[in-house]
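To start, the structure itself, in structure tokens.
Per-chain residue numbering starts at 1, and chain names A, B, C, D, E and F are given in the order in which the chains are listed.
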Amino acid sequence: MAETAPALLVVSAHAGDFVWRAGGAIAAATMRGERATVVCLSYGERGESASQWLAGKDLDEIKATRRGEAEAAASALGADIVFLDLGDYPLRESPEAVAALVDVYRRVQPTVVLTHPLADPYNGDHPAAARMALEARVLAQAIGVANSDGTFPTKDEIIGAPPVFFFEPHQPEQSDFKPNVLLDITDAFPLKRAAMECLPAQKHMWSYYTDLAIRRGVQVKRNAGPNLGLAHDTMGEAYMRYFPQVTGLLE
Amino acid sequence: MAETAPALLVVSAHAGDFVWRAGGAIAAATMRGERATVVCLSYGERGESASQWLAGKDLDEIKATRRGEAEAAASALGADIVFLDLGDYPLRESPEAVAALVDVYRRVQPTVVLTHPLADPYNGDHPAAARMALEARVLAQAIGVANSDGTFPTKDEIIGAPPVFFFEPHQPEQSDFKPNVLLDITDAFPLKRAAMECLPAQKHMWSYYTDLAIRRGVQVKRNAGPNLGLAHDTMGEAYMRYFPQVTGLLE
Amino acid sequence: MAETAPALLVVSAHAGDFVWRAGGAIAAATMRGERATVVCLSYGERGESASQWLAGKDLDEIKATRRGEAEAAASALGADIVFLDLGDYPLRESPEAVAALVDVYRRVQPTVVLTHPLADPYNGDHPAAARMALEARVLAQAIGVANSDGTFPTKDEIIGAPPVFFFEPHQPEQSDFKPNVLLDITDAFPLKRAAMECLPAQKHMWSYYTDLAIRRGVQVKRNAGPNLGLAHDTMGEAYMRYFPQVTGLLE
Amino acid sequence: MAETAPALLVVSAHAGDFVWRAGGAIAAATMRGERATVVCLSYGERGESASQWLAGKDLDEIKATRRGEAEAAASALGADIVFLDLGDYPLRESPEAVAALVDVYRRVQPTVVLTHPLADPYNGDHPAAARMALEARVLAQAIGVANSDGTFPTKDEIIGAPPVFFFEPHQPEQSDFKPNVLLDITDAFPLKRAAMECLPAQKHMWSYYTDLAIRRGVQVKRNAGPNLGLAHDTMGEAYMRYFPQVTGLLE
Amino acid sequence: MAETAPALLVVSAHAGDFVWRAGGAIAAATMRGERATVVCLSYGERGESASQWLAGKDLDEIKATRRGEAEAAASALGADIVFLDLGDYPLRESPEAVAALVDVYRRVQPTVVLTHPLADPYNGDHPAAARMALEARVLAQAIGVANSDGTFPTKDEIIGAPPVFFFEPHQPEQSDFKPNVLLDITDAFPLKRAAMECLPAQKHMWSYYTDLAIRRGVQVKRNAGPNLGLAHDTMGEAYMRYFPQVTGLLE
Amino acid sequence: MAETAPALLVVSAHAGDFVWRAGGAIAAATMRGERATVVCLSYGERGESASQWLAGKDLDEIKATRRGEAEAAASALGADIVFLDLGDYPLRESPEAVAALVDVYRRVQPTVVLTHPLADPYNGDHPAAARMALEARVLAQAIGVANSDGTFPTKDEIIGAPPVFFFEPHQPEQSDFKPNVLLDITDAFPLKRAAMECLPAQKHMWSYYTDLAIRRGVQVKRNAGPNLGLAHDTMGEAYMRYFPQVTGLLE
């Protein structure tokens, strides 16, 4: 896959997830000039929009609002965004949804995939998104699996086996999330912060996820060098690699 | 640690372990012009030299033979080698042994550390080696921990926090060894083979570990690209990263 | 169940799986004069036939080819074979498929069941096959669960609670496969090899799985006797027992 | 044990650990009028005092400084404090150290015990402290185990089986720390902050652990009620209960 | 949720499960004057009524018998009971079943939920019940998720986040059941015994579950006080808390 | 090892453990005419003799009493018994104790080994016994490891690699004890009961462990046949195999 142009694919259960959890990785990629594509499987219209429901908004209004916010956030990060509008709470797995994702994989030809971890006792949509993202990734590699329009892919249209990284859930320990990759997002953090600020309904999350970036940044430093005092200027995001890293260099 | 010259430190319970389990990584490092140092905590004189005991050799003869073979193998890999002669079967942990390892860490200033995994139901020396390697790595970072001669280290003498990779045990599943790094050692394999051939008493292991390198090489390919047919020309070694990877790039 | 004639049932997601992974156990059973039945849930026509798709074959041709190869391999092993043709990539679980498997269980009256392990990050069809095999095994025990034709079973038609053994996946550690049974297949290996050679499209796998049998054979020896030198003439297959072993004798 | 007066015992590897990790629980206890006793097994003089070593202080000066700070912090929390001065980096387990802890248990008669979790890849002193705290807790229950002065305990001097809670390590996921108790420390937090401010050398930690209390406070709310918006005014500490909770009421 | 009246909700796969596994907790709640509601997802008509099938009863007769027994048992425990009649062996998950459970949650407003654990190799209906109970619990919290009649809930109709306790499966170790709560049911046991005796077809279970209560009672004592001799008069039930305990008091 | 006469070795931390936990397996072996040897590492004089301490007995009296009881129980089971008198509470691991065990292994030439599991939060002596039993088992296999009198073993004196089974701890789930072998001890139970009755100070345990044998017996049946009703006449003991089973027959 060395000859392939880098391309990041982010599979997000709801419209906001990719911002809080992977905004740094996305911004870092686009700042390097790479393509990044976000797929929102739903808008999070039922499960993550309580304040709008309380304010008397109806389903279509809520979906439109969340779509607009997500588009703005993706734009701030330099990423493309696609909405599959599969519904949330619950996000139901289906052959059709997986087939739509297979098409996305073959179009995007991702070299890296980000999605939710496979466990989350607080929100079943997140593991459902991960399961579909993983199933589609395997199917998209097979030349015998048709596209959703019934045509078969050419040898160039099938994908390789891109690495998958799970991004951080809201309550990591309860979701069996043990980070094995700490990403330094110091340079990308201003874009992540800008993207967070595209989501005004969750203003209290801005500081929460800024604090988390500091905390993970401290761990970046603790895992990278001598512990002569903790500096607070490194920002980080935590990831959990699903497949073994393939490398020519231990470092 | 960006400014530090790469340096590989391998902590091996017995004289032969580093060859079978990490020879590819060592050769790859030295082929890039990097320093590599092997520390053998024992010669494996009691537990891994059955054929010599059966042949009537005494302890000193066996140790001398194994030392010579290990020196030859290290030389074939381009690595330095140090022997602590702590005794095997059992390899006993002690403050003095750890202190000797702290000295080695501070002298070598490793940027990468390889050692045994923490569990092995078949050989308690391997986890004992790992525990000492890990304890010494932490102590060597502390400016308040004296060298074994009682002097205190300077700020330059303490080490950073190098990543640690566990190499593959003989029965990986029984030792809770789940590889999360697959190292491509195709180019380095001829040197690994040459090092293996420095150990004539275990000739039947040459093909065993060549087969293992093929098997891990297949996994290198399976985790890196589309599965259009398995080629057998990639050689691999499996590792298990103990601390999270710190990186600026997901790949 | 002491009075029951031994009968082996192998539930295989795709047409080739039973050969590579359980051919030794099957041959050993038939060499003892026992019945063995293989159920292929699919032909592996989409996910495991890349070379044929690349050669321009169509779906029916590929299924026919793989069916023929599987029949030849089963014959070489001395086993019966049944095809449920449920489709692969993905193999979808359904009440109808499970009901068909319940019928098979009641007809075969297995005293031992072999199937895939419950996790495989590389191929979702394998765990899906295992889940259906396990669900059908429980349902087939219940006198209140009808056959697929709507009739109810007699007391003699329901099955006991046969032990289940998971066979080895392609990447065992990644699939949480920790063997707790090592089967000596030395005598059965020639039949396994003959069955492998019935699958000409995967010729490179012949040596791969021969090497694996050697590797597992070494572990057979390591877990069974003193380590005075490893012999390479014992061949093995690894299994993971799902339920506790029931026995009158610890050995 | 219903008739026993509540008494909290905190076993801390180094002089500062109890403040950052359990200050809220300690202050909450003393605010309820209960006794709280902190045992510092070492001062953290070698491993956690890098800035003082860099400033040229000697061992006795560092120990005195850390002792003074820890006394001030304990006082701010309303707790007694005991120093065993066992040395750190490494904190070595010994029969004598365990015997000294047995005496403390029998004198304090704790109804609740707090200590470090059993794993910490970054600092071996923490698990060593936990192992000794747990071993002493079992020995102190046995009427046949003598006090350190050789006398045997009376029936009233042995202790019951107090519950043990592990407090949060610096990198929880890496230390297999999965919280199963979230403690609301909102009212106690001002005392915890005051205690933190008794440790001037680690000023950067004040905000770090304040942020952590906010984060755990969010989880307190997420696990206790409907998610209509996260308030940031609840402060929390996370704990991991080692033994099953014994209760007459599920809640 | 402090102002909410205590209300216990028990989600049971089959008609008898709640008696054997949670009868003590239910009786303890109603003896305190609290409401308790049992939801039986099925009658256990196919998988747990072998003796009736063998006696020639038909499906409707068996369901009626089991319904009557379950009503009597619930009455003996002082609990309300609801039957969803979803069928067993297998109990199939469906959106409709989950929606019916969401309605139950919103009507009952539970402050505590009891259900099966998430793994059971012997009976897939138990984990299926647990998954539906957990999914419905999350959905019932969301103001954007409609009731099954299409109306939307008011702010008062949605539920909080009640703690969930898994009750003990038949073979706990095989079901990854590690109790972290031991409930003293000594005072409630006579009611549990009375409820068990409402299930005459399983008379041999009366002594089996009485013995289990003794065994768990011994553990209640072992985890609560000094071990000066085991008394056999404490009766217990074991539970596994799924979410962290939220508390203001460590005890 | 096929030519070796069966010989059972049981390594027990305290004088009574082998009776409650493995009495059935021992009796079953001796009833088959096989040799069985019990090694008691301590008498359990401090940690498991509370009633005698309360009665004012001194250390030597208690040890003598427990030795006598253990001898009687071993005799009832038809087993030899050896006492190493290493002291309990705590049982300390030492090179000398391991060397004494190596001698026992080489003298007994066990074909099966039983000992405690590796975790027990309630009693650290049990894992300590297991660790020494496992270490000695590995050392006794090595021809280069001397006997405790300094002589080297002959090829016939070293042992093979006997399978190891952990017996059931008092609180199995808390000790990570997941049985993978259920032993039918129906025929051997009368001897086990007789051995239990040799321990009069723990009379309340007789019924407790009889109930446990019934409970494990029910599981023997549940794992071996159709569930048409549970009979209570099968008695069982649960074990956890540490190494993979080596076999020529899946059953």
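Following the convention adopted for this analysis, a contact is a pair of C-beta atoms (placed from the backbone, for glycine too) under 8 Å apart; a residue touches a chain by one contact, two chains touch by 3 or more.
In this text the structure is predicted, and so the values were computed from the model without any measurement.
*Asks:* Check every other chain and keep only those touching both chain A and chain C; list them.
*Replies:* The shared contacts of chain A and chain C, listed by label, come to B, E.
*Asks:* Interface overlap for chain B and chain C, more than half of numbers shared or less than half: same or different?
*Replies:* Answer same: the two copies use largely identical residue numbers here.
*Asks:* Need the CA-centroid distance for the pair chain C / chain E, whole Å please.
*Replies:* 37
*Asks:* Using mean CA coordinates as chain centres, what's the gap between chain A and chain F in Å?
*Replies:* The separation of the two C-alpha centroids amounts to 52 Å.
*Asks:* Touching two or more other chains, which residues of chain E qualify?
*Replies:* If we look for residues of chain E contacting two or more partner chains, we find 50, 54, 122, 143, 155, 174, 179, 219, 222, 227-228, 243-244.
*Asks:* Identify every two-chain combination in which the chains touch.
*Replies:* A-B, A-C, A-D, A-E, B-C, B-D, B-F, C-E, C-F, D-E, D-F, E-F
*Asks:* List the residues on chain C that touch chain E in their complex, please.
*Replies:* My answer: residues 95, 98, 134-135, 138-139, 142-145, 152, 155, 242-244.
*Asks:* List the residues on chain C that touch chain B in their complex, please.
*Replies:* That would be residues 50-51, 54, 122, 170-174, 177-179, 204-205, 207-208, 211-212, 214-215, 218-219, 222, 227-232, 238 of chain C.
*Asks:* Which residues of chain F touch chain D in their complex?
*Replies:* 45-47, 49-50, 53-54, 59, 62, 89-90, 92, 121-124, 174
*Asks:* If we count contacts the way the header does, which residues on chain D are in touch with chain E in the complex?
*Replies:* 1, 8, 25, 28-29, 111-112, 114, 141, 143, 155, 158-161, 163, 165, 179-184, 219-220, 222-228, 238-239, 241, 243-251
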